[in-house]
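The same subunit A turns up in both complexes below, where it pairs with subunit B and then with subunit C.
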Partner chain A sequence: MWMNKSITEIHSALVKKKVTPIELVEECISLSEKDKCNCFEACCFDQARKQAKEIKEIKEEEILKGIPFFAKDNFSTLGVETTASSNILNGYIPIFDASVITKLKNAGMILMGKTTMDELAMGGNGTTSHKGVSTNPYDHKRIIGGSSCGSAGVVSTGIVPFALGSDTGDSVRKPASHAGLVGFKPTWGRVSRYGLLSFATSLDTVSYFTRNVLDASYILSYISGYDNKDMSSSTRKKEKYQDYVLKKKTFKKIGYFKEVYNSITNKQIKEAFDNLLSSLKGKGYIVSEYDYPKELLYALYPTYMIISCAEANSNNACLDGIKYGPGVENATSWVEYMTKARTKGFSELIKRRFVIGSFSLLSQNQEEMFTRAQKARRLIVNELNKFFDEHDYLLLPAAYSLPPKISELDTKWSSKPDFLDNILTLGNFGGNPSITLPLTFINNMPLGVNVTGRIFEDGYVFSLASEIEKITKLSNLVKE
Partner chain B sequence: MIKITKNIIRQCAKNMMFDLTSEEVDTIFNEFDTVYAQVGFLSSIKGVDEVEPMTFPYKEHQHKLADDIPLKPLKRALALKNSNTAFGNQIKLPKVIGVNSDVDE
Partner chain C sequence: MELESIIGIEIHVQLKTKTKMFSRAPSTFGEESNTQILPVDIALPGSLPVVNKEAVILAIKICSALNMEIAHTLYFDRKNYFYPDLPKGYQITQQFNPIGKNGKIELNLDSGEKLICTIDNAHLEEDTAKQLHLDNMSFINYNRAGIPLLEIVSNPDLHSGEEAMKYVETIREIVTYLNASDGKMEDGSLRCDINISLKEKGSKKMGTKCEIKNLNSIQNIKDAVDFEIERQKKIILSSNKVESETRRYDEKLKQTVLLRKKTSAVDYKYFREPNIVPIDLDDELIYDAIHTMNKLPSQYRVELSKLGLNNYEINELLREQDITIYYDELIKRGADYKILWNFLLGDIKAYLNKNESRIDSLKFSKNSLVTFVSLVKENKINSKQAKEILEEMLTSGKKPDVIISEKGIEQINSSSEIEKIVDVVINENENAINEYKNGKDHAFSYLVGQVMKLSKGKANPNIAKELLISKIGDYFKK
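Now for the complex of A and B:
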C-alpha cells in the first residue's frame, strides 16, 4: 500500500524504484472502486494509465512526478467531463485544462478524475451534488463538509495523498477539519484561477488537501506564480515554500480573538485549544488575545451571503444549457430554451441563492444590500489588518462542534446570530493565506485548528502549521 | 429597499432565466424575514457608510496587454466529443431561433 503515504514518502519510493507510477495508478483505481463516501464525478483511468506508463525515470528533484491526484469537478480538465456537480453542465467536456491542472501535469502528476462537490460550489455540507450526498469516512451519518467534499474524501480515505479543491468561504478548510486533513487556501492571486468555474470572483481561491504540512508546502511551490490568463494573478515572485518548513523560518507573534475564544462552549475543543496555546508558549511563541469587534464578527455571515450570491448571479449567467446540460424539448425561442434548461438544470438551493443575489442587485436595493455588504467587508478587513499590525498569525479552532448529522441539516438562510461557523470567511474577505490541520479527536471524530497569516506570507503560515503538527503529532491521518 | 412580494421573487427568477414552483416561491418568501433582519444589522454597523466598498481583497491587478502567442486550433475530434448529437463532422444544436424569437432569422 502506497497511496496512504505522504507525497514525500511516495516520491522517495519512486526514486528508489520500490514502486512504479503504473503500480500507484492501479492501486488508486482499486481503492477508488471501494469508495463508500460518494467521492467521484468522472474518472479518467485509461488516460492515467497511459501517462503512468510513459514515465520512465523520476529524479530526486521531481517531487510530484508519477503521483496520482484528483481534482474537484469545477476545474476544467481537457477531455474529462466537468459539471461542477450540476445538471446544467451535464456532458460538458472541456477543450482545455485549467492553468493549475496544466502546472500539475507539467510537474508529472497524474490526474485520476474529478470529485463531487456541492452544486456549483454553493454549499458547505457536501450534500447538494447532482450525484447525491458525500459522507464523512469517520462517521457516514455525518457530513464531511463542503463544498470540496469529494476531494476531502479521497485524501482522507487514503485514495490519493493530494486533491485540488476551491475555497470561497471555507470550502477546503472546514472539510479539512471534519476529515482530519491539512486544507490550505493560499493568498488570493497566488495561484491562477484560469479554468476554475467561478462562484464568487472576489473570494474564490484555488485550494487543496494533503495529509501533512510539508506536502502542502511543496504543492504551492509548483502551482503558484503569475498567469497572464488570470487578471487577478499576482506578479509577485513565487518562493520555495517547503523551505519555510524544512528550514523552520518563522515569526513569533500569535493572536486569537477574545470574543471567539469566550464563545467556545465545547469543553474538549477549548481544552485542546488551550493546550496548544500553552505548548506554543513553551516553544517561545508570544501568544496574546485580541479584541476584534463583536459586531464585525456577526457581520461575517450576511456579508458573505450577500456578496457571494450576487457575484454568483453574474458568474453563472453564462450557463445557457444549449450546448450541453439537461436537454429541453419543444422550445420555440432561445429565451424559452434557456429558461427551461436553467429551471431543469439548477437545484432548488441554487435557485434560492440566485434569487437572493438577484434581489440584492435590483437597482432599488443595490445600495442597501450589495454595496453595503461590500462596505462591511472593508470594515472587516480593515480590522483584520489592524490585528496583523500587532500579530503575525491568527490562530483559531477551525470548527466549534462535531460535523452535523446529515439528517439534521438545515439549508435555510441562518436566522441564528452566529459567527463561529463563519469565522474562516475572514481569510476570503482579506485574501489571506489560511491553513487548517488536525488539532484533536472528539468521540473519534477529528477536529482542526486554523492558522491565518498576512497576504503573501504563505510560507510563514506553513511554518507555524508545521510547528503545530509536531505538537499535536496528528499528521498523515487516514481513515480506511 | 423594496418590500419583498411573491411577484418580486418570480421576477428575480425571471431575470435569472429560470422558473420557480409555488413551493419554491413560498420557501424563498419565508426566508426574507431573516434576510431583512441581517441587512438591517449591516446598516447598523458603526461607520459602515463612511468607507468605500471593497470589491477585491487588495489592489494588484495586471492590465498589460498579453503577448501574441499563436495557439493551435481546436481539434475537430475534441469539439465533436462535446456533443451527444454529432453527425459525421457536424454537431446538431437544438433549435433556439424560431417564430417567436426576438432575433431576426
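Now for the complex of A and C:
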C-alpha cells in the first residue's frame, strides 16, 4: 500500500524503485473502485496507465513525477468530461487543460480523473452534486463538507496523497477540517485560474488537499507563477515554498479575534485551541487577542452572498446550452431554447443564487446591494490589514462544531447566520494565503485549525502550520 | 411651429489588429466559418480574457486624432444580457471609464462652412458573433466574436443628413488614415447607429428619439437621416406623437422602416470585469502611440490648401490615402502641385482603376514622374505629347527622356526653327489671316494648328503663338 503515504514518502520509494508509477496507478484504481463517499465524476484511468508506463526514470529532484492525483470537476481537462457536477454541462469534453493541470502534468503527476463537488462550486455541504450527496469517511451519516467534497474524500480515504480543489468562501479549508486534512488556499493571483470554471472571480482560488504541510508546500512550488493566459496572475517571483518548512523560516506574532474566541460554545474545541495557543507560547511565539469589529464579522455572510452570487450569475451566463452541454429539443425561438436549457440544467439552489445575484445588480438595487457589499468588503479587508500591521498570523479554529448530519441539513437560509460559519471567507475577501490542518478529534471526528497570513507570504503560512503539525502530531491521517 | 432636428451618432469601428480583443485568435475577415476561434471566443468554461495591447494602441491613436483626453488606467466592465450572438452572456466593454473622453472634430460642409461636433467618449469593447437565419434554422459564426471594437459616441451636435454624413465620413477618413480600421461600411468594419429626435426650435425639451441601424454606405446616412427627419416632422405637425423605435434604412424603398418598438430599457447590470485587473498605461506607451501616428486628413487639408488646391481638389485627393501620400511625396521632390494633381487624379488614377492595381505597383519611379511633370511645366512637351509619354510610362515603366528620344517626339523650342514654319504658314493662309484681322478668333487657332501640323506636333505651341502674333503684325505693316 502506497497511496495512503505522503508525497515525499512515495517519491523516495519511486526514486529507489521500490514501486513503479504503473503500480501506483493500479493501486489507485482499485482503491477508487471501493469508494463509499461518492467522490467521483469522470475518470481517465486508461490515459493514466499510458502516462505511467511512459515514465522510465524518476530523479531525486522530480518530487511529483509518477504520483497520481485527482482534480475537482471544475478544472478544464483535455479530453476528460468536465461538468462542475451540473447537468447543464453533462457530456462536455474540454479541448484544453487548465494551466494548473498543465503544470502538474509537466511535473510528471498523473491525472486519474475528476471528483464530484457541489454544483458549480456553490454550496458548503458537498450535497448538491448532480451525482448526489458525498459522505464523510469518519461517519457516513455526516457531510464531508464542500464544495470540494470529492477531492477531500479521495485524499482522506487514502486513494491519492493530493487532490486539486477550489476555494471561493472556504470550499477547501472547511472540508479539510471535516476530513482531517491539510487544505491550502494560496494568495489570490499566486496560481493561475486559467481553466478553473469561474464561480466568483474575485474570490476564486485554485486550492488543494494534502495530508501534511510539507507536501502542500512542494505543490505550491510547482503550480505557482505568472501565466500569460490569466491577467490576474501575479508576476512576482516564484519561491521554493518547501524551504520555509524545511528551514523553519517563521514569523513570531500570532493573533486571534476576541469576538470569535468568545463565541466558541463547544468546550472541547475551546480546550484544544487553548492548548495549541499555550504550546505555541511555549515555543516562543507571541500570542495576543485582537478586537476585530463585531459588525464586520456580521457583515461577512451578506457581503459574501451578494458578491459571490452577482459574479456567479454573470460567470455562468455562458451556460446557455448553445455552444456545449446537452442541447434542447423543439425550441421555437432562442429565448425558449436558452430558457429550457437553463431551467433543466440547474438545480433549484443554483437558481436561487442566480436570482439573488441578478437582483443585486439591477440598476435600481445595485447601489443598495452590490456596491454596498463591495464597500463592506473594502472595510472588512482594511480592518484585516490593520490586524496584519500588528500580527504575522491570524489563528482560529477552522470549524466550530462537528460536521452536520446529512438528515439534519436545512437548505433554508437562516436570517441570522452565525459568523463562525463564515469566518474563513476573510481570506477570500483579502486574497490572503490560508491553511487548515487537523487540530483535534472529537468523538472520533477530526476538527481543524486555520492559519491565515499576509498576501504573498504563503511560505510563512506553511512554516507556522508545520510547527502546529508538530504540536498536534496529527498529520498523514487516513480513514480507510 | 418651427422644428429642429437633434442628431447623435454611435460609431462602432472594428480595429485592424492581428488578433482579437481578448484572445490570440486571428481577427481575419472572410475566412471559413468558425475557424478563427480560441476557447475564450466561444466562452469555453474556464477560459479567461487577455487584453490585446495592439488594440489599445490603435484606440489611443484614434482618441488622439479625435482630440480626446486619454485615460491613464484602463478598466473594463461587463454588460450582461442573453443573446445567441453573445457567447459569454456578457460583453466586455468600458462603461464607466472609457479610454477616451471629451473629443471634438471639425466637419467641412459643402457650403464651405465648418462645424465642430463634440464627442462624448470612445470605449473599447468586443464584437459579437454573426448570425445567419435560413428557413427554420439558425447558424452562428464566431469568427467575428471578440474582434476589437472602438465605439465612438458623439454628442447630439448634428442637425441634418449632410452633417451626419460628414461626421461619419470624417471619422471614417481618420480611422483609415491611421490604418486603425478598414473603415468599410459595406463589410461592417465601420457601423453606425444614428439617434434622431425633433424638438421645437429654442425649446429645451427634447423630443422622443428613434434609432436608425443597418446603414451600409455614407450616402445612405444622408438619405436615411433626411427621410427620418421628414417622417418625424409629418407626425409632429399632424399632432401625433413620435414613438421610440429602432428603425432600419431600406435602400430600395429609400425610407426608414420599423425594426422594433423600444419597450422598457434592458437593464444591463453593469459591473467591473473582475478577470482584468486595472491596467496602468505608461506614459511611454501613450507617447509612442501618438508619435507614430500617420498624417491625418485634417493636417493634409491645411497643407494642400496652402499649396493652392481648392476644396474640391483636396477632397478628391484625400479620398485615397495611398494616393495622398504619393502626392505629398512628389510635392516634396519639387513637382508642380497643379500639373501633378491633374495627371495623378486623371490619367494615372484612371489607369489604376482600369487595372485594379494600387499606386505602389506603378512601373515608373517617383523621380520619373517628377521629371515628367517638369517637362510639362516647362512646356518642353505639349499636352498631346504628354498623354502619349505618360501612357508609355504607365505600360512600360520607361523614363520620360528615353521615351522622348525613342519616339522622336521632342518639342521644337528653337525660335529660329519654328519661325521658318510660321513663315510658311503665313504665306499660305492669306484668307485665315484676314479673317483673324476681322476679329474671328477661331482663325488664330486654325493658324496655330497649321504650325503644329507642319512641325508634326513638335513645335512648342507657346513659342508658335508668340511668333504668329508678331509675324501677323509684321504682315499687315507691309
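The rule is short, and it goes like this: the second predicted complex is superposed on the first by the 475 of 480 C-alpha atoms of A that agree within 3 Å, B and C clash if a C-alpha of one lies under 4 Å from a C-alpha of the other, contacts with A are read in each partner's own complex, and residues count from 1 in each chain.
Just so we're on the same page, a residue touches a chain if its C-beta (ideal position, glycine included) is under 8 Å from a C-beta of that chain, and two chains touch if they have at least 3 such contacts.
Note that the structure is predicted; figures quoted are calculated from it, not measured.
Student: Check whether A:134 is in contact with subunit B, with subunit C, with both or with neither, and answer first, second, both or neither.
Tutor: Once the two structures are laid over each other on A, A:134 reaches no partner at all.
Student: Of subunit B and subunit C, which one touches more of subunit A's residues?
Tutor: B
Student: Considering only the touch criterion stated at the top, classify A:318 as touching first (subunit B), second (subunit C), both, or neither.
Tutor: In the superposed model, A:318 contacts subunit C only, not subunit B.
Student: Using the touch definition from the top, say if A:202 reaches subunit B (first), subunit C (second), both or neither.
Tutor: both
Student: Scan A:352 for contacts with subunit B and subunit C and give back first, second, both or neither.
Tutor: Touch status of A:352: first partner only.
Student: Which holds for A:334: it touches subunit B only (first), subunit C only (second), both, or neither?
Tutor: both
Student: Considering only the touch criterion stated at the top, classify A:188 as touching first (subunit B), second (subunit C), both, or neither.
Tutor: A:188: touches subunit B, not subunit C.
Student: Taking the superposition on A as described, I'd like to know which of subunit B and subunit C A:303 touches: first, second, both or neither.
Tutor: After superposing on A, A:303 lies in contact with subunit B but is clear of subunit C.
Student: Can A:6 be said to touch subunit B (first), subunit C (second), both, or neither?
Tutor: After superposition on chain A, A:6 lies in contact with neither partner.
Student: After lining up the shared chain so the two structures overlap, which partner does A:93 touch, if you call subunit B first and subunit C second: first, second, both or neither?
Tutor: In the superposition, A:93 touches subunit B alone.
Student: What is the shared patch of subunit A, the residues that subunit B and subunit C both contact?
Tutor: Of subunit A, residues 92, 95, 202, 228-229, 231-232, 313, 317, 322-324, 334-335, 338, 358, 362 contact subunit B in one complex and subunit C in the other.
Student: Going by the contact rule at the top, pick out the subunit B residues touching subunit A in the complex.
Tutor: These residues of subunit B touch subunit A: 1-2, 4, 8-9, 12-20, 24, 27-28, 31, 33-35, 37-39, 41-49, 51-58, 60-63, 66-67, 74, 78-79, 81-84, 93-103.
Student: In their shared complex, at which residues does subunit A touch subunit B?
Tutor: Residue list for subunit A touching subunit B: 78-79, 91-93, 95, 188-189, 202, 226, 228-229, 231-236, 295-296, 298-299, 301-303, 305-306, 313, 317, 322-324, 327-328, 331-339, 342-343, 346, 348, 351-352, 354-356, 358-359, 362, 364-365, 368-369, 371-379, 381-382, 412-415, 428-432, 455.
Student: Taking the complex as given, what residues does subunit A use to touch subunit C?
Tutor: 74-76, 82, 84, 89, 92, 94-96, 98, 193-198, 201-202, 228-232, 310-311, 313-314, 316-320, 322-324, 334-335, 338, 358, 361-363, 366, 370
Student: Taking the complex as given, what residues does subunit C use to touch subunit A?
Tutor: Checking each residue of subunit C against subunit A gives 39, 42-51, 78, 80, 82-84, 87-90, 138, 140, 267, 269-271, 274-277.
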